[in-house]
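Next, two complexes with chain A in common: one pairs it with chain B, the other with chain C.
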Partner chain A sequence: MSGATVAAGPTRVPFISGRGTRILLPLLLVAVLSAAAILPIAALLVRAFLDRDGRFVGLANFVRYATEPGLAVAAWNSLTLSALATLLTIGLAYPFAYAITRTRMPGRGMFRLIALLPLLAPSLLPAFGLVYLFGNQGWLRGWLMGESLYGPVGIVLASVFYAFPHAVLILSAGLAAGDQRIYEAARALRAGPWRRFVTVTLPSSRYALISAASIVYVLVFTDFGIPSVVGGSTNVLATDIYKLVIGRFDFEMGAVVGVLLLAPAVAAYLVDWLARRSQRAMISGRSVPIAPERMPGRDLALFGFCLLVAAAVIGIIGMAVYGSLVRFWPYNLNLGLHNYARLLEDDDEFRAIGNSLALAAGTAALGTLLAMLSGWIVARRIGPAALVQGLQGLAMVPVAVPGLVLGLGYVFFFNDPANPLHALQGTLAILVLCTVAHFYTVPHLMAVGELLRLDREIDMAAQALRAGPASAGRRIFLPVLAPTLVDIAGYFFVNAMTTVSALIFLFTAQTRVAAIAVINLVEGSRIGQAAAFATLIMALSIGAALIQISLRAAILRAQRWRRREG
Partner chain B sequence: MFRTFIAAAVAGIASFAPIAADAQQRTLTVYSSLDEDQAKALIKGFEAKHPQVKVNAILGSTAPIIARVIAEAAAPQADIIMGNAVSALMAADARGLLLAYKPAQYDKVSPVMRDGRAEPVWLGIDAWASSICFNTVEAAKKNIPAPKSWADLANPVYKGHITMPSPLSSGTALLAVNGWLTIFGEKGGWDFMDKLHENVSKYGHSGSAPCRQAAAGETIIGISYATPGVKAINEGAPIQIILPSEGLGWEIEAAAIVKGAKNLADAKLMADWISSREAAEISAKYLPISAYDDIQVLPKNYPADEKAKLLKMDFAKLAASREAVMAEWQKRYGTKVPPKS
Partner chain C sequence: MAVAGPLHVVRPADAPEEGGRPAPSFLVTEGLTKRFGATIVVRDVSIAIGTGEFVCILGPSGCGKTTLLRLIAGFEQADAGAIRQAGRDITALPPEARDFGIVFQSYALFPNRDVAGNIAFGLESTGIDRAARARRVAELLALVGLAPHAGKYPSQLSGGQQQRVALARALALSPGLLLLDEPLSALDANVRAALRDELRALQRRLGVTAVMVTHDQQEALSIADRLIVMRAGAIEQVGTPMALYQQPANLFVARFLGDMNALPVEAGQGAEIRAAGTAFRLGAPVDAVPPRAMLCFRPAAVSLGAEMRGAANAVPARVVSAGFRGDVIRVLLAPEAAPELRIEAEIPSLRPVPVPEPGERVVAGVQPAHLLLLEGEG
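Now for the complex of A and B:
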């Protein structure tokens, strides 16, 4: 791999040549990430070491928590169910991502969109969908062979559904790029398709595979929504934090659980660090983009597989949408739009949709900018090693922090009158900042992954062309990175449309968003209207995703250099 | 409609900037866990009386609202909490976050709905009581009889068909548990819960969820409170609300001013409004027990005898034993997984 030849030696990045800038830029990112994520999270988690009056008590709260009955069971459930869900998710997502990036089967764009559906739907929809399909009145409850949905079965099923798009995103980003010359070399050496897959594809996607698995594990480990809806009486650590903080107002013990929930993220960070150390650039200046070959047998098999996965995703969501169209599930199945009609009578719900769109747009803009910058600093090791490593560590924290911890941490941090950012309290801007922080890890990893694959010869080309900062950005980096930028913006946008857990502590009458309105409807027992509103949110997110996909396609079409000429 | 939408989007973008205090109109920030329609009706009534005050309402579930108030202690955002469980309000009061205030009509409110202390912190708005949501269609399919009493729920015929919230995360569950401890006594209460535990398929986090699960046929019996059952019946669910014969654990939803409220004068106006007979008449349309004893309105499909079945409860004692009850519950039922249905 030619990338290896430039992996060693000092990094030379064209427009970050001054020593000052090389330290200032990573410092700036560390400061922004600290203010938006780390300090607020710490503002809550530090309480693990304090008593209610704020006096330092060492590990007393941990000891108190360790003596709580039921902890061992909850910890064991969390560890094993997350592992099982991770195995299943990666097992499904890898062939799926492979099929949409490395084959010529039909419908690849469609399948990509369907894989993203779980991300586009407020979590209420899959929860309803699973209950309507596999619950006690479910049409397909026989498929569970007498097992109840409520318990480990439900947790694993719902977790796989929830984590699947994250895994597909990371894996397909990793599989999309590669160097066709290596495959040609392999073929010249008479390596068969299977051998080419095992010796070339699999090793070159190792980093993506490790990232995807650790992200999925951490996501499932820290998620509270799924076990609380379909977990039955199966206790997991993530629900403990809700019981302690919300049920008993015991912020100190809640903080203890929050600290414990960070453990898998620390492990994921170490794994990622080891993996990244051995990762070399996959695309050099001389690379030839992957041109998947037509292999009818493989393509047909994968098409069938993708069709099955798509049917499952659409089946679950479709069932919930169906639920929004009936009069009263499961006793009055007359179809109609009455739930939608009742919803649209309310001006407040319209304001909530406007707020959601503003939140999503703001999150996409700010998040993309920050994630690209931090991804670039980490991938190119700009600045002192400790600073770069620190930045990577900070970026891994948000994924491990439940929204509840982030939201309450925001209140503790920003609502402190001594904080210069106190004025943000109560604005939509604070919701934007919180949402960027909440979903930061995956886009950051997407950016790092993409930049690691583009080797530094491209940076050097910019330098050789004596491109100034502005023109290097515009003429070289922006075009090369445009598809990734669009993907990252899309990821932030759709997550911002559906997120709830952190925002319930931060919204005001003026900044109430649609996903919170859905929760209010559920609490008010307006199930049909809640399903209808969640469906509307999903429709808007699908619209955004379609824009994202066509934009991406238009960019790729316009950039002829991505295709092999002649 | 479309215009509202555009206006909303513009307002959304505008609200990126900190909201400047409007010189013309005063604002009041209200946190509420009342039923959404009830909260909106009460606010509408207040704004009609005080057109110079614009109410900004933040509606949410009982516990998250109080958690938010506790977290915001450094610089309180709420001026007044208009409706939250008294037990949850006491958690905020214990941290010194609420302001004592005696609303204008305090003395006219029925005694049980008053704080009772010399410097009252809360004022009752309504009360809610634990009850059973029973799905008649699913019960008939499985040939399961309707329970008449709490004691009936210990019958093995209900094995796997009961859901209830966990008292560790739901005030509604605590109502039921406190009710059982009042009815059966300390030992008898826990003995009953041991037997009930054998029949429970799921302990959840939300007080209204068991009723919704019963309405959707996911369970036959949901231990909850009447309002979500009434709503489900109004939507067409085959739900019967059963008020067990031994009596019902219950609790008051009350209003309290937040200490450090930025708009204290208007918060007091709101507290005065809540203490008025007019406001109680609005609340009575949603829950039969309001702040004025003599207002007798029964919301549509609401069980008629709820008020008569309320247990005589020692709230001070129950508040003092809250932590101990939770710990005991966690020890008995938090560790082992209940039997599968």
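Now for the complex of A and C:
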């Protein structure tokens, strides 16, 4: 029996002496996550089966949705356009990810950075770029051969750009993990390059492909920003839910659309989860890392491809930035900060920037605290096993819940005057809570992973040496976990800066954030200012990301113990 | 326990003398039981360990030995039973209120602290002044031979060096009890043997009571004053390494400490036993032959030769196979009167003996004193 065996049952947990604390702490986290994610979603699910007066009506709402003219077409549009965008995204992202992980072409690191750039912008920023390029007064309008950008074309194109970095991240992670020995075995069996690709690379990346496809599908299916800028008269579920709730106050139909958004998302994440599990089983700890070989022909072709993709990404984003600097598109192309000046002069817009920063900071602070706590509870199994597993399960839920669904669930849950948390309604705090919940899964898993890497025996060693929790935290855990803390806080911050969907139902005039202000500007046909605002958000996100990166680097530099030689 | 106390602890009066029996009083467990869910991991364990004694808890993986150690440390709470250390009931105390130092299997060195920082960690919690702390760290560094590496971080050390840091850190607070959880199992064979002897010498010198968990019988036999052999959560036998090796209580203990031949007893009375179609004479007569009794002897107790044919304790057999093992040659034999049975013999390879050929007829002889009558495993 090794010391690493983690025992269930009344094992003493280092630093938590009281039996009460050991139950109360996980219970507290379960309660917070329930209030912030599970109960609002449940409220939405319940609402889909109730009528306006709160009576149970079975599937009547769904029947009404399917039969009322014009409603169901949005579901069809969402399904087909998302499928098309997924196909295109994966078609572009796979060779791109392959090129940056499995070849020796030059500029792999730079291409990777460029591909990830859209992560730092709100989803609708590429939509602005497209408007300036292919819109009714766009430069390259002719390329669409008479088709209008506003509608399916715009939604698919912008979605591909928006989802591309996510697909590249998943696929390149899948492709980077592999076993060089299998390739050596294939060569020893006289398999040529193409045969090695088809018989080894492609099958070994199939789970990453499934993961990427399901994640991309959900991203596109549930995105609100893009169809609201370039959707034109094409209705999709994500914009319909907004129109139904905010425009028609038809909460029943809103709840039905919420369910329709939620179901495919949950299904896709289940697929993704299964795929990841299989992927992990495929890679053993003793694999030899992949060492790509030099193949000038292939590398050159892929370099050209990556150059085109990178040019498109930079072109679209650059076009949005350029458009924001133009005085009056397309009649007066003089450059200047006119649009930015107008934004900053407007009290409402200026406040929105402040709100965004406050939201991002609040989300980073609360989210990091909660994620570290729940990560610690799960990694160290603090409390009864059922409670620990329950907490882990709850933490996995938000990733599968579209922001729009979560936001509408908040409306149903917190609007109820009987809810003791009713007072949160209309405050910035509810936006923080919702954003923390929305992005909770990834940081929680980061915390669990990092704490699992830190041997449990370290806790015991500190305790055996008579260090209390505060002392051990300060002297051991804080320094060791510092880079992870920075990463988690950065993740929450950037996502809070750029998110729209979860907050669209929750903001008030006082708490409106910048990303929502962009939508409002689009609704008011002030595209130039909207592009300026989106650019500003991207700049702030880039700033935050740079701070995160340099802070992390500074910590790593200061912590000499992380270097092997020294 | 004085923190900056002398390193060379004077051996208390009740410490074990060479060859003498230890006074079992320092660490006592009574009826210790621990369950994880429905599984009983430690079952009614009562042991008594004397001051300055080095005790090894030995057993296969999953036998509950690590859990027993963690109960003694306080990382697990017992479901039943009591633990007393130096006369004090510590059953309910949390680890930080007990008096022990511990070396973990993973060493669990703090990765962000250098060697001196790891050793000083426990001292910093006690509030002794900086100069005394530095002196104590220097003493410990010298003790484990790591003075030149004081400023290195764990990731820059070899496995053996990390192990020494863990040991020095565990000894820093001059604990009365040193707990070791498979401390050598992560090391290469050579380093392992050297550190084992060092550990033993150090423990002797400091006079600290030590309890070590291991699954390696060689390690346990060579380091411990006494062994506790465990199986399925319960104690099988307690005794000195020599006693357990020579007089194991049952076949499990016998086989856990080394290879053992076991022939089913066909008939027997007094000192006369029949097994493998051969008459054997025991060193001393037994009152009654236990049910399912096995006649047991170690492979090294077997000598081969044709001259023993017809004598007592001589088994005519055919060589099944013979393998060179370095120091010895392992010969597998099938008794002629019971060809379905197997006897293993170990003959020294340094003596210029011819290696027996498969199929060759030989006679295997065992001295009466080397024969044991043990109850077989169900």
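Heads up, the rule we're going with is that the second predicted complex is superposed on the first by the 306 of 566 C-alpha atoms of A that agree within 3 Å, B and C clash if a C-alpha of one lies under 4 Å from a C-alpha of the other, contacts with A are read in each partner's own complex, and residues count from 1 in each chain.
Everything below uses one rule, namely that contacts are C-beta pairs under 8 Å (C-beta built on N, C-alpha and C of every residue); 3 or more make two chains touch, one makes a residue touch a chain.
The structure displayed is predicted, hence computed values, not measured ones.
Once the two complexes are laid over each other on the shared chain, residue contacts for A:369 go to neither chain B nor chain C.
Once the two complexes are overlaid on the shared chain, A:288 sits clear of chain B and of chain C alike.
By the touch criterion defined above, A:23 lies against neither chain B nor chain C after alignment on the C-alpha atoms of chain A. By the touch criterion defined above, A:328 lies against chain B but remains apart from chain C after alignment on the C-alpha atoms of chain A. Between chain B and chain C, more residues of chain A are touched by B. Of the two partner chains placed by superposition, A:60 touches none, neither chain B nor chain C. In the overlay built on the shared chain, the residue A:555 is in contact with neither chain B nor chain C.
Residue contacts after overlaying the shared chain place A:462 against chain C, while chain B stays out of touching range.
Residues 68-70, 73, 131, 135-137, 148, 150-151, 228, 232-235, 239, 242-243, 245-249, 251, 327-332, 344, 347, 350-355, 357-359, 362, 408, 411-412, 415-417, 422-429, 432, 504-505, 507-512, 520, 522-528 of chain A are the ones touching chain B in the complex.
Within the complex, the chain C residues that touch chain A are 35-37, 41, 61-67, 70, 73-77, 94-96, 100-102, 104-114, 121-122, 124-126, 153-156, 169-170, 172-173, 181-182.
By the touch criterion given at the top, residues 1-5, 7-12, 14, 17, 455, 457-458, 460-468, 471, 475-476, 479-480, 559-566 of chain A touch chain C in their complex. Against chain A, the residues of chain B that register as touching in their complex are 1, 4-13, 15-19, 29, 35-37, 56-61, 63-64, 66-68, 70-72, 74-75, 77, 91, 137-138, 166, 168-170, 200-206, 208, 211-212, 215-219, 227-228, 231-232, 235-238, 323, 326, 330-331, 334-338, 340-341.
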